[in-house]
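I've put the structures underneath this note.
Presented sequentially are two complexes of chain A, the first with chain B as partner and the second with chain C.
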Partner chain A sequence: MTEFLQQLLNGLSLGAIYALIALGYTMVYGVLRFINFAHSDVFMVGAFIGYFVGGLLPHGTFWGGLAALAAAMAGCAVLGIVIERLVYRPLRGGPTLNVLITAIGMSLFLEYSGQLVFGATPRAFPAIFPAKVISLHGLIISMNQVTVIVVAAVLMVGLQFAVHGTKIGTAMRAVALNPKAAQLVGINIDVVISFTFGLGSALAGAGGVLYALNYPSIDPLMGVVPGLKAFVAAVLGGVGNIPGAALGALILGMVETFVDGSRWSTYKDAIAFAILIGILLFRPAGLLGRYRAEKV
Partner chain B sequence: MPKPLIALLAAVLVAFGVSYFSDHIDPYYLDVITGVGINIILAVSLNLVNGYTGQFSLGHAGFMSVGAYLSAAITMLAGPRILGDSGGTAVQQGLLFLGALLVGGLGAALAGVAVGIPSLRLKGDYLALVTLGFGEIIRVIFQNVDALGGALGLNGIPNYTTVFWVYSFAALTVFTVVCLVRSTYGRGFVATRDDEVASEAVGLNTTRYKIVAFVVGAFFAGVAGGLYGHFKLTITPTGFDFTKSIEIVVMVILGGMGNTPGVILAAILLTVLPEVLRAVDEYRMVLYSLLLIVLMLVRPKGLFNFDYSAIASRLRRKFWPAGS
Partner chain C sequence: MLEISELSVSYGAISALRGVSLRVGKGTIVTLIGGNGAGKTTTLRTVSGLLRPTSGSVRFMGEDITRLPAHRIVARGIGHVPEGRMIFSNLTVDENLSMGAYLQKDKAAIARNRDYVFGIFSRLKERLRQTAGTLSGGEQQMLAIGRALMGEPKFLMLDEPSLGIAPRLISTIFERIIEINRDRGIAILLVEQNANLALEISTYAYVLETGHVTMEGASADLRKNPQLKAAYLGG
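== the complex of A and B ==
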């Protein structure tokens, strides 16, 4: 029972990180209908900003940790907006495949410039949050896991508010529903798309710092695998659907943790894709997604 | 004899000629030439799926790995038994290699059927993801099969790949794809890409077209995998991850979707470019990725997407003006 709870907790914290990344994928897909492959590398940049800013601040304090987190979020938001402005906007309205290839190019660019600037060798991530371990009837709860879950929950509630409670959030949903109609009622689509990228990238930046806290080794290619899995999570929940992305990420985090603890652990990386294929074959719109009839 | 067949035979002859004199070519250039040939097979076969049929597949490296492992297993495990202690004559080795390549290709084609039938009902991004997923699953399975070396991969594959084999198969790939697409049957590939609903409305079985394209593409990817394995002499599961698939997709897109000459040029360019940039090794991949972005912004229809027939007719008018 204890082990089950322990795995549940581990799965929850992994799922919370996947959720933060998946939200960015799903929001961008919602408004622009393309897979932003560079998103997983924005996540990596977030971890590195956390590493450098965290190095300047006193370690092991809440305020220091939160400041590093905020810096990573701000830095990634700017990066996301700049990428959209310089690279994706000129291609808007072009063939989907070109946008996809450009996104892949952007992703490679961030990875390899990362290797150039930060070096390819992994670095140890500092313990920027207080590192305490609580033992509860044999259940080991590390403060890092609690931090991950709490921060992710707060950010997701904040996102829910931003999307449903603010004017720009309403505009974002309008653009996701129908970009042309949104423009007709006077929504500045460029601003909305920039905002979406900023918001999604900020969440990825937070995800990067939290991921680095739990798996304390960062390198320029660290984003690739979590990024792919987070995208699977977004599809699982129904791509373009914000609560769906969070749900899909939690399910994926749990399943992966339980597989990792079983004797099938070497197949851990294949599980995410097996789930992806299953869901696309049997419920292509995802768990919470809605089918859209194709118009001829 | 029909023209394409003559071209095929000519290409095989040239490949044989180059291969015959390969001892006189610098080994480094020979390596690059071989790499170019393998990439041509991969890019042209993927072009049938992505370019002509419009089905975005990101799993080509997965099929490549099936072919690489199958053919390497045949030459390494069954090879010594068939050839005997003497190692066999060059002809025997060649026949064994040919058999291994074909079995590798057929295995990959079978995998293509298994992957294609369920996943080709999906479209666009989703299809890309499912094929990516299958590619990764194939990789993880190879990582877990100890008989095939597990995560360490297979070592000590016999060195059978020559310029002759690579370019003969490259010519065969181009021949098959071009003839298939130009045939009456093959118009259906392009029709499926251009408007799936309309094609169905006039009675084309678009699902079957997609699967045929997928399986033919997978076959040649498997052959290319076999050539790759017997060229590098060692294969690891991570060598066939989705970055490899993306590399092939990039060749197809830079060449111009559904444009075989362009794709061949792009395969050559993208294989040679990293070698040229080796002088500035640290910046190599950064430049490569930047180039990718800039090309997509500046020439979104592909680098080599010219209207070849228009160029040919303009040249003809220039040099042989009408009425002269």
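== the complex of A and C ==
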């Protein structure tokens, strides 16, 4: 039982991080119908911002940790907006394949610029949040895990409000549903797209810091694997669907953790992906996605 | 009010409009009729800024709006109820209406416009919390018109508002269109395949065929035109 709860907790915190990344993939797909492959590298940049800003602040305090988190979110929001503005926007309206290839190029650009600037050697991530470990009837709860889960939960509630409770959030949903109709009511699509990139990238930045807290070493290629997992989670939930991305990420985090704790742990990724393929065979549009023919 | 001159539009290699000119006077209802693929929707979309013409111009209240982005054109006071309604199906009726007022900052004006919309389409008021995609076809059309009215347009374009709607509701919707024009003084450009109805409520009409205006005149005259009768009015 303790074992089970322990895995549940681990799975939850891993899933929460995947969710923070997956949301950005799914929101951008929602408004632009393309996968921003550079998103996982924005996540990496978030971890590095957390590393440098966290290094300047006293370690092991909540306010220091939150300040580093906020800096990573703000920095990544700006980065996401700039990437869209300078790289993707000029290609908008052209063939989707061009943008996809450009996104892959952007991803490689960020990874190798990262190696150039930060070096390829992994660095130890500082304990920016209080890092106590509590033992509860054999259950080991690290403060870092609690921080991850709480921060992710707060951010997701905040996102829910941003998307459903604000005018620009409603406009974002309107653009995702029908960009032409959105323009006809006076919505400036460019502004909504910038907003979407900013929001998604900020969440990825937070994800980067939280990931680094629990897997405490960072390097310029650290985004690749979690980014791929989060992308799969977004597809699993139904790409373009916000609650779907969160759900898909939690399922993926859980499956991965439980398989990892079993005797098949060597095959954890293979098994996790096999389950996903199985689900997608039965629900091709993802768990919460609704199938619709690609719009022209 | 609106003046389109020598407008040509193409989709890649396919040319859809070839030098279309038409005008809509202040406070009038003008109709644009024509068969499938004549270029009616293309005309409206070009006025709205969703499409860019290869040549020609669109002037609104004396100013050239040809190359403005769509949201700027809305801000000038042009409303567009698009073909196929294009309501935001996953949003509620309420959210659809507030998106219609996207550019409107004045809360009192928004409240006034909502009351006006509920006055003419009371069904919308009863269904405010409902997801728009679950409305009937006729109700969706009412919502599409309501949404456009929330932008407080001076000029409104409607693209086949009778399409796919129960006959019983068609007459209601046309009555409302007349009302909107009469009470609010909104000039209207109505695209219709149902030429009888369109000629009945309009004062002036243009007939579009394969990207050309082939006929124009006072609606009352066109209704008696033998050629038009044969082609669009069922003999």
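Methods note: the second predicted complex is superposed on the first by the 289 of 296 C-alpha atoms of A that agree within 3 Å, B and C clash if a C-alpha of one lies under 4 Å from a C-alpha of the other, contacts with A are read in each partner's own complex, and residues count from 1 in each chain.
Heads up, the rule we're going with is that contacts are C-beta pairs under 8 Å (C-beta built on N, C-alpha and C of every residue); 3 or more make two chains touch, one makes a residue touch a chain.
The model shown is predicted, which means the values in this text are computed figures rather than measured ones.
When the two complexes are overlaid on their common chain A, residue A:170 makes contact with chain C while staying clear of chain B. When both complexes are overlaid on chain A, the residue A:187 reaches chain C alone and has no touch with chain B. Of the two partners, chain B and chain C, it is B that touches more residues of chain A.
Residue contacts after overlaying the shared chain place A:102 against chain B, while chain C stays out of touching range.
Contacts of A:217 after superposition on the shared chain: neither chain B nor chain C is touched.
With the contact threshold set out at the top, not one residue of chain A is in contact with chain B in one structure and with chain C in the other. Contact residues on chain C toward chain A in their complex (touch as defined above): 48-50, 69-71, 74-75, 80, 82, 86-91, 95, 98-100, 102-103, 147-148, 150-151.
Per the touch definition, chain B reaches chain A in the complex via residues 56, 118-119, 121-122, 124-126, 128-130, 132-134, 136-137, 140-141, 143-144, 197, 242, 246, 249-250, 253, 257, 282-283, 285-286, 288-290, 292-293, 296-297, 300.
Remark: chain A residues 167, 170-171, 173-174, 177-178, 180-189 touch chain C in the complex.
Note for the complex: chain A touches chain B at residues 33-35, 87, 90-91, 94-98, 100-102, 104-106, 108-109, 111-113, 115-116, 228, 231-232, 235, 266-267, 269-270, 273-274, 276-277, 280-281, 284, 294, 296.
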